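You will see two complexes here that share chain A, one where it goes with chain B and one where it goes with chain C.
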Partner chain A sequence: MMSWIQRKNLFLIAILCLCVLAALPLPASSYVLMWVFLMAVYLTLALSYDIVGGFLGYMNLGHSTSFGLGAYSTAILLNHDFGLALALFLAIVFTAAFAAIVSYPFFRLRGAYFALATFGLISLMEVFATNLQHVTGGSGGISTPPGDHMVPAYYLSLVAASGTVILSHLLGRSRFGLALLSIREDEEVARSFGVPTFSCKSLSLVISSVPAGLAGGIYVWNVTYISPPAAFGLEIALSPVVMAMLGGTGITLGPLVGAVFITLIQELLWIKVAYFHVTIYGVLLVLLGLFMPGGILRTRWLWPVVQRLGFGEKIDYFKKQEILQR
Partner chain B sequence: MAYLLECEGVTKNFGGLVALKDINIQVMKGEIIGIIGPNGAGKTTLFNIIAGALPPSYGKVFFKGQEISEKPASEICRLGIARTYQIVRPFNSLTTLENILIGLSFGRINPPAYKKRVMEAMNILTFMGLGTKANNAAETLTLVEKKYLEMARAMATSPEILLLDEVLSGLGPAETVRAMDTIREIQAFGVTVIMIEHVLSVIMELCHRVIVLNYGVKIAQGKPNEVANNPRVVEAYIGNVEMGEQETLNA
Partner chain C sequence: MASQFLQVVVGGILLGGIYGFAAFGLSITFGVLNILNLAHGDFLMLGSLVGYSIFLSFGINPFIIAIIIIPLFVVIGVGFYLLLLKPISGKPPNQLLVASVLITLGASIVIEDLTSFFWAHPITGIDYSLPSLALYGLVISETRLFILLFLLILAVSIQLYLQKTYMGKSIRAITQCRGGAKLIGIPISRISALTFGLGVAIAASAGVFYITLFTVTPVIGIPLTVKYMCIVVLGGLGSLTGSVIGGIVLGIAESLTAYWFGAEWSPAVSFILLISILTIKPEGLLGRK
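Let's look at the complex of A and B:
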């Protein structure tokens, strides 16, 4: 039935999806556009979270720090009459630099301690955003110059999301990606086999912060407002984690499926059973966690399809086949 | 005489416990050295110090005349000392091939070009008899296969010294013979092998020289049969025996 889902068709499938999404602004209402826009933002966050959370195996609960920093610095720069491109660029540089600095103390921690410390970081950022009134506007947040940016922002978010997909895909098959996986499996052994563990960990945090910072910038440009809870709140912090884990961590396709699935479910529930949606949403998550512990993609009927697509494999699939047949 | 590896007065304290006390060892190129001793004698601690997983409390380790006791494990691996673990520690969810690729890509000073890596990893796997398991996740292998994978991953770093920590324990008789052949072949490639082992028959047959540790002290070293007749070694293994009884034991 799903035999057209093959590795050789993968590129075509991706192009097709992109074409449909690119043509969407023509017929769709701004409601649908906003919904897909938010999906793309969450997708970018979930995928970039998965670089540290899935490949490296360090649960970075503070991933939204990068999102918030990107959003705030873009907003501040836009208010100082920087152009969008320059504002986004500087915001990304700032976010990446911040990630490089915090990686030093944080990667001295492991496991639950790392997760808790990074979780503490977003609370700290929220306190900063609330109290540094003259920079961040305090608890009232910041508004950026108004304007209807829906369609260009929508395209930008698509670019960011597909860029992150490509980044994650390339990472999964690179030497660097292999180093991250070995650290996930056994950090001490990885180090004794020559993997420079500390610099790999730092670099992965920096790489994962870039798409998140960009997503924050695009978000604030479109929504024209950012406040401490929107940038550093629980929802933006935990949603990407849940999406990645629900889809399947450590596979490029995982966070993608998770992000689409969750935004879809949330929206449907909100439309159909408003005010009861949060309860059903929670029950659904618990059930999925119970019955699909490895994520949706690792279920028995989907995993073969995933493998046929060449995901879940870190080395060039065809090259490997060729060698084995010799 | 320049030694390939030299431990000079290596001492390791864990708090008040002296795990190794003033150990002096010289290893020449091409040797197969056996390290034996009762449980808790400090054999694995010695490996950890040579491989750089632990720093020595006192003393120095030299590799080709260069001091390595202060260097991190990753650098020592790249210099040419690779190890296996007593309790196997493969990268479980990665495939066998990927396990080898990690040693190949990171454990060498000059890793081969990307395209050659997979080929070379396959060669190593085939040499170790794991060729058909290349695409299997390491966690699906049997214990014996995992031990070979450990050796293969260490060999992938193209080491000059291979530290084998009890690779033969838990193997059946036929498997033991095969593993001994593999170790001989590895030595024939010009790799110096230092192995910790409890199976004395293997030590007797395979090793050129044996070093005996007991309570962190080197109590004997020499040719296998010399060491086996050393009264201090017998005492360490069996307990304090009268000289008369000891001769019956040796007989």
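Let's look at the complex of A and C:
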């Protein structure tokens, strides 16, 4: 029964999914397209969060600053008659440069301090977005030139999402990815073995900010409006973290599973419940922390499957520490 | 000009007293439990809203409210610890970090969302003020001055508690060396529960003063937690004097920013202060290497 679960079959399934999604604009309504578009944006965010949160092991709760910066700078550039490609490119460069600058003070922090400081960065960005009225439009937000971009934006988001999947996958197997994993396991030991920890950490933050900035740019191009709560609000800040944690951090498959799972839940449940969306997120966070910090993929039933597919380490991060403690 | 400047600084010091006091609650919790309680600011918010309700229904003086809600919030804090944090307390450091961030952040979001749903008045403040004091050309709000004095008395009594009693000594011992404290037979779990309760109660008590001076909305929690974390980084872990000094530095910085650049920029100050300290002096303002 397990025999069809193989690596090459998985790739076939992935390519099949992509083909179906690529053909979707022909028959599907714009509602479905928008739904898949948002899922792709969230998937991009969750996967790029996981580069720092999962591989490096630093909880970057402020990942949505990259999304918001990308969205805002794209919107501003589009309003100044830049082309889409140039606007997106400049937005990404700006986001990456910002990530490089903030990585210097932030990576002097560790653990919960790092998590809270990055989380605080979001509120700082919100203050800037609200107060610099002549640039960002203040609390009223900023609109971009209108137009129907649904189908091209949809394809663009698919490209961004699959690009991030490939990036995350390649990163997990590269020398640099190994350096990140070694920092996650034990930073001091990694440094004593000659891993340039500080530059590795900064570089990983920059790399993870690029897809997030791109996702923000595509999002604002399609939606044509961005405001401080939409860019730096709680929901956009927490979704990637919850998705990655729910699926399983540190595995490329994890955020993917988490993102699909959460967007499905949103679709099925949240349209029936008018209030308490944020509460549901909070309860989900608490339950994750209490019962499965390893995520869905690390549950007893799924882990052998994941390993069979060649994802995840030989000795799992979360299991190993339990063994060591005994 | 000079007197105006002085006026702003004095206002900042009075504000910083409350900051420092509330941050001390976060500081001891982090020192003993090794868990950064991201819901700390929300407990302050809850404290101020409960204080506000008591003030509305019974009209008790806020200073008395600040004392009578302490036992209530010790119970809430101990319950929170036993229900949510004790199950994860035995985990290895890395898992503990992930789990504690998820749990306290989740709890803080739930508290904020539920409070903003059930709280009828979106923005509230206690209408309580004393006449102002004019001193050498400076105008000092007597309410703030009394609050500062009151907090000072509370702080001194907490300091005595930490220095003299068995539990206080245990708290300090655990902060200094967890393993050693365990070896000599300090009941870590019980002390942790009580410390968490104490930290929450300190936040709630500070919240009552917060609402007498400022307006409170259900969403102030997380920004306040960030502020208090800045103070803890500024002042060092588990030290009451450090927290108070850090709080006063932050209070002055915020007041001066509001004075020079406008009040809408003062939320950014704590964070910029944090980043600049980390860049220049990573071990904290008063910290030792």
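Assume the second predicted complex is superposed on the first by the 286 of 326 C-alpha atoms of A that agree within 3 Å, B and C clash if a C-alpha of one lies under 4 Å from a C-alpha of the other, contacts with A are read in each partner's own complex, and residues count from 1 in each chain.
The definition used in the following text is that a contact is a pair of C-beta atoms (placed from the backbone, for glycine too) under 8 Å apart; a residue touches a chain by one contact, two chains touch by 3 or more.
Since this is a predicted model, take the numbers as computed values, not measurements.
Contact with chain B, but none with chain C, is seen for A:L181 once the two complexes are overlaid on the shared chain.
With both structures placed on the common chain, the touch criterion links A:S29 to neither chain B nor chain C. Touching more residues of chain A than its counterpart among chain B and chain C is C.
Contact with chain B, but none with chain C, is seen for A:A190 once the two complexes are overlaid on the shared chain.
Looking at the shared chain after the overlay, A:V278 reaches chain C, while chain B stays out of its contact range. Common to the chain B-facing and chain C-facing surfaces of chain A are residues 324. Contacts from chain B toward chain A in the complex involve residues 51-53, 72-75, 77-78, 82-83, 85, 89, 91-95, 97-98, 101-103, 105-108, 114, 118-119, 122, 134-135, 153, 157. Across the interface of their complex, chain B is touched by residues 175, 178-179, 181-182, 185-186, 188-197, 314-316, 319-320, 323-324 of chain A. Across the complex, chain A is touched by residues 30, 35-36, 38, 84, 87-88, 92, 94-95, 97-103, 105-110, 112-114, 117, 222-223, 225-226, 229, 233, 264-265, 267-268, 270-272, 274-276, 278-279, 282 of chain C.
Every residue of chain A that touches chain C in the complex is listed here, in rising order: 57, 59, 61, 102, 104-106, 108-109, 111-113, 115-117, 119-121, 123-124, 127-128, 130-131, 234, 238, 245, 275-276, 278-279, 281-290, 293, 318, 321-322, 324-325.
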